[in-house]
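The next part holds the structures, each set out as structure tokens.
One chain, chain A, links the two complexes that follow: it is found with chain B in the first and with chain C in the second.
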Partner chain A sequence: MTQTERPGNQTDVQKAMKAFVSAVRKLGPVHYQSCVKCGLCGETCHIYLTDPTILNLPVYKAEQIMKIFRRYYTFLGRFLAPWVGAQSLTKDVLESLVETVYGRCTACGRCGLHCSIGFDVSSVIRTGRTMLAEIGKVPSSLQAVVNNQITTGNQMAIPRRELLDTVEWLCQDLRLEMNNDSVIIPVDEPGRRILYLINPREVKFFPLSLLAAAGIFHAAQESWTISSRFYDVTNYGLYSGDDTAAAAITRQVIDEARHLGVEEIVLSECGYGFRSFRWEGPNWLGRAYDISARSMLYLIWDYIDTGKIRIDPSRNPERITLHDPCNLVRWGGVSEPQRKILKRVCMDFQEMMPHGADNYCCGGGGGMLSMSEYGDRRILSGSLKAEQIRASGARIVAAPCHNCADQLLELNKKFKLGVEIQSVTEIVYNAMVLEMAEQSEISNSDADDSFNVTPSV
Partner chain B sequence: MTVQQIIVLTAAFWVTGSLSFLGIRSMRRQKSDVSTPEGRIWDGIAYAFTYSMLPGHKETVNRHLVKFILGVFLHIGVFWTIAKTAVYIVNPAYARWFPVISGCVVFPGILSASVLLVMRIITRAMRAISCLDDYAASIVTIIFIAAGFLYDLHVVNNTVFAGIVSGLAVYMPLGKLKHAVLFFLARADFGGRLGYRGTYRFPQIH
Partner chain C sequence: MQIGDKEIQFDKDGFMKEPGIWSADVAQAIALEEGIEKMSEKHWAVVNYIRKYWEENDLAPPVRLLCTENKVSVREVYKLFTSGPARGACRIAGLPKPDGCV
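Presenting the complex of A and B:
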């Protein structure tokens, strides 16, 4: 028995093993034993392409998990471990997994799409995160974000007062821009149709995105509100691998939506927020939601398509390209509305190559933005996205994810791309025909009916 | 039915049964997805086995065309030899009916499998991700295809052919060769999941 296998250290190993078994059951054992190790996945991975070391090869990363599977789930792994490269789970193995699963993979899933076999490589790698989360080995910077979400309701621990102050000045700005004093940003208003979840980055760093959304909602005469308690669309449990925390964060929002009595939850532009809430959330909670949830992009497209908002594409004359967030497009299935919107609201839309579900990760996914220890690798891996942006010849990059926007801003600076990064909502708002006088009259006369206006800020 | 045929038939039952058992166990999942679907599972599966595998779409193919072609030859050789084995169970003499075609199909397969094995040995990254089973799987496959080819040429007799085929069948569910079944299941499962989410829509234009 080695040092790491002594009973004193067994607790962590046993906990990790339990989490491993649970993760295997959730994903399905087929994904842990299908790999033929052809090694061709390397050139699908933005991290490997920008730093081609074996440690960055997707199959190498997944293999660190798969060899544990073989040890405990296969006949040869049990009785002839070296033959099949099976590996017992030890504390040392767990320690070595930290960098592999958190620092060398953004869980973007591109390797799985292009895999010769077609198994879910990134979910296999995420199993490592689940094991490490179980024993408290999540990098502290990432864990801090999860803790913030659990304890304060939002990942940046923004105090309620700060949110309300921000909403107040945004509301004032919006009234000026729309020349309409009846414009409000409803907060904690019960009985509205929509609960709009935002990324706390919108409060801290991208307030124009929230302003644009409020402007669009107003123009479309939508009945909506945000919550001052649980408004965070994101869920860092997805990244840390902690499904229990992820479920708790999801539950906070669902309970808030029920408390406010809304009909629908609309998710701001956030890739991992969308994936977490729309797809993983019900599975974390173990039941389907009783309130529907959809991306803001679908709603905006509905507004445009039905004429609820009027658009003048000449207001966006410059070339715009679109970044496809992995969790929104590849994992979330949302690839069409943003394209339909951009083709309608700007004069010159240019796709990146590749795009859609085949897009490259910007490098900021998987919690990388929070983990400063991997900052250099994050920027380096983003160089591929920077090249794509440059090749598109665009002046504006539409990024329907505030996490990606953060990374793209850094890439813009680092690689001197000379572009602007904007959310799709902002681009739409910029193209929106406000018809100020008429709109003002409509809003003033119908305000009580359509919004049940009670200035809440 | 000869003793050799009975042995091969038994091996065939073993490999079919064990791979079926493995496949069923592999697909067991704790819970099904409870999120509201955006697309259809079957669309995703159809997409995963068609468009998603086209050389023009799949980077692991179009960026590694040589390896892809070698892989195709290898698998044609394998499937041909499996078909030959099935015929052998019915009547060993029938399995030698098409020696020229067999040679044309199988010989590139043997060569391809050998080249891929050498590439695995000499490439540093491939060595780093390979274990003994990976090499063994390649060697066993080469022997299997070669046995079929040599059987046509009467170099290998009934007993040797039956022994080799049975040996492969016994080993198949234990190591990497089980991907013969798991490939279909993994691709269907992942494709179906992406179909459910609306990522894989069939047909999709991008």
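Presenting the complex of A and C:
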């Protein structure tokens, strides 16, 4: 991959240095010089725990960045570099960072949560990604996805026609499933209340979550639309470390929302998509959004809580456990709605241990899923999650993140877990009961003077 | 993996490194890893369709075409290939790994 390219020249080192200085300013120098080398982070890292070599120790990974900081930002580092283990930035150093920052860290942030002094270990490691992105040393499989997003508006380079055809096809299925010919999946409708963003994976390979969302929106009589141009909730700029690309991807969506005149952007179940769009986006753009954005999970909980959709939990009789995607829960702060939802829509909900903000990464985060070169490590580091799932005794794993879902499918196969992986949206859709009013609407749907149906609340 | 007189190599995701040397025997061997003892007619229909589409377009087909062209429902596809269309069916069809969240 990129390792086959020649190391960068002096200009590359200067560019990387510039990116380093800017990253340090953004995160704050305190994060680069506070580490007391206690090593506690080793006990928190799924990669280290499943392969305890020093190369996988979070503090070791962060140290590769911190020693560059010492060289340029501290008195002793500047004048007595070898004494304090300070390291000048060279092309060889940059080259050696590739595996450390992309191949040995999923940026899940569990180390930072448990850090004895509370510095943000994984963001320090991500500084390495920012430097490498600046000089074009992002692993090519990861960079291909960023390029797709910039040039086509979606990470899988799905043509617009294909999106439209897929939506039409799904709509036909949905009509059959809901036994209602009036169901539509609105595309590019201006003036709707909600713009719903999806993961392109839902169009290309796994459309049942989009079908479920459309069914829920219909039942709740929501005013919504998807866009045929910029519907991608994801942002691989977060993974590659390229903040300029990340800002451009964010801007595409914000501009589209403004163009369609929606009141709110709702993000489908995608962990890093949520973190990127909800939290990192304003930083990348350098300003707050003038439009609100929230996770689909909050909206679904609102529908259930206010009675806009009716639920029969006996339709989900099997034990369900919940995976906590790092970017949604630990980084994004969305922990409650999915739990409230699952407790209402199934008969037997079982938490994993540990769970919530203290969860383990599934191993597929940080762009790991798209970098085949680290495939073995990805599966090995997911063994902790596999054990958690097995111990829960669940038959179904709710995964509110499409990226995690793919990794969990892999773990299911490799560790013979015998479970099904579903999005929360699908599980809710499965338990949804159509209102009597709704059903009478079906029989009256041809009559144009039929009454205006309001759901019972 | 040795199939006949050919040595088949895979990347660390289990996708073929040289998609060009794919054959029905290779497909069945990968299918076995996917827990498919013997590929049924439906398995073959989907896999052959993916292969043909890829050879013509250099892309994995979207699941819509997979379903409509082979008269299978989307829920059926997941039953046939428990790892899903990408890591299951496309892998058996000898394609390189598709980009992105798969």
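A few comments on the model shown:
The working rule: the second predicted complex is superposed on the first by the 427 of 457 C-alpha atoms of A that agree within 3 Å, B and C clash if a C-alpha of one lies under 4 Å from a C-alpha of the other, contacts with A are read in each partner's own complex, and residues count from 1 in each chain.
Heads up, the rule we're going with is that a contact is a pair of C-beta atoms (placed from the backbone, for glycine too) under 8 Å apart; a residue touches a chain by one contact, two chains touch by 3 or more.
Every value quoted in this text rests on a predicted model; they were computed, and no experiment measured them.
Once the two complexes are overlaid through chain A, chain B and chain C fit side by side, free of any clash as defined at the top of the document.
Look at A:V21: by the touch rule set out above, it reaches neither chain B nor chain C. Residue contacts after overlaying the shared chain place A:K37 against chain B, while chain C stays out of touching range.
Once chain A of one complex is fitted onto chain A of the other, the partner contacts of A:D120 are limited to chain B, with no touch recorded for chain C.
Looking at the shared chain after the overlay, A:D165 reaches chain C, while chain B stays out of its contact range.
In the superposition on chain A, contact is made by A:H402 with chain C only, not with chain B. A simple residue count on chain A separates chain B from chain C, and the partner touching more is B. When the two complexes are laid over each other on chain A, the CA centres of chain B and chain C sit 130 degrees apart as seen from the CA centre of chain A, to the nearest 10. Contacts of A:G375 after superposition on the shared chain: chain C is touched, whereas chain B is not.
Once chain A of one complex is fitted onto chain A of the other, the partner contacts of A:L76 are limited to chain B, with no touch recorded for chain C. Once the two complexes are laid over each other on the shared chain, residue contacts for A:P282 go to chain B alone; chain C is not touched. Of the two partner chains placed by the overlay, only chain C lies in contact with A:K413; chain B stays clear of it.
Closest CA pair between chain B and chain C after superposition: 25 Å apart. Of all residues in chain A, only 141, 144-145, 148, 155-158, 162, 165-166, 169, 173, 199-201, 203-208, 234, 236, 369-370, 372-376, 402-403, 406, 409-410, 412-413 touch chain C in the complex they form.
Across the complex, chain B meets chain A through its residues 23, 25-31, 33-36, 38-39, 48, 52, 57-60, 63-64, 67, 71, 123-126, 128-134, 136, 174-176, 178-179, 182-183, 185-187, 189-191, 193-194, 197-200, 206. On chain C, the positions that touch chain A within their shared complex are 11-15, 34-35, 60, 62-64, 67-68, 73-75, 82-87, 97-102. For chain A in complex with chain B, the residues that touch the partner chain are 22, 25-31, 33-44, 54, 57, 59-60, 63, 74-76, 82-85, 112-120, 278-283, 286-289, 292, 329-335, 355-358.
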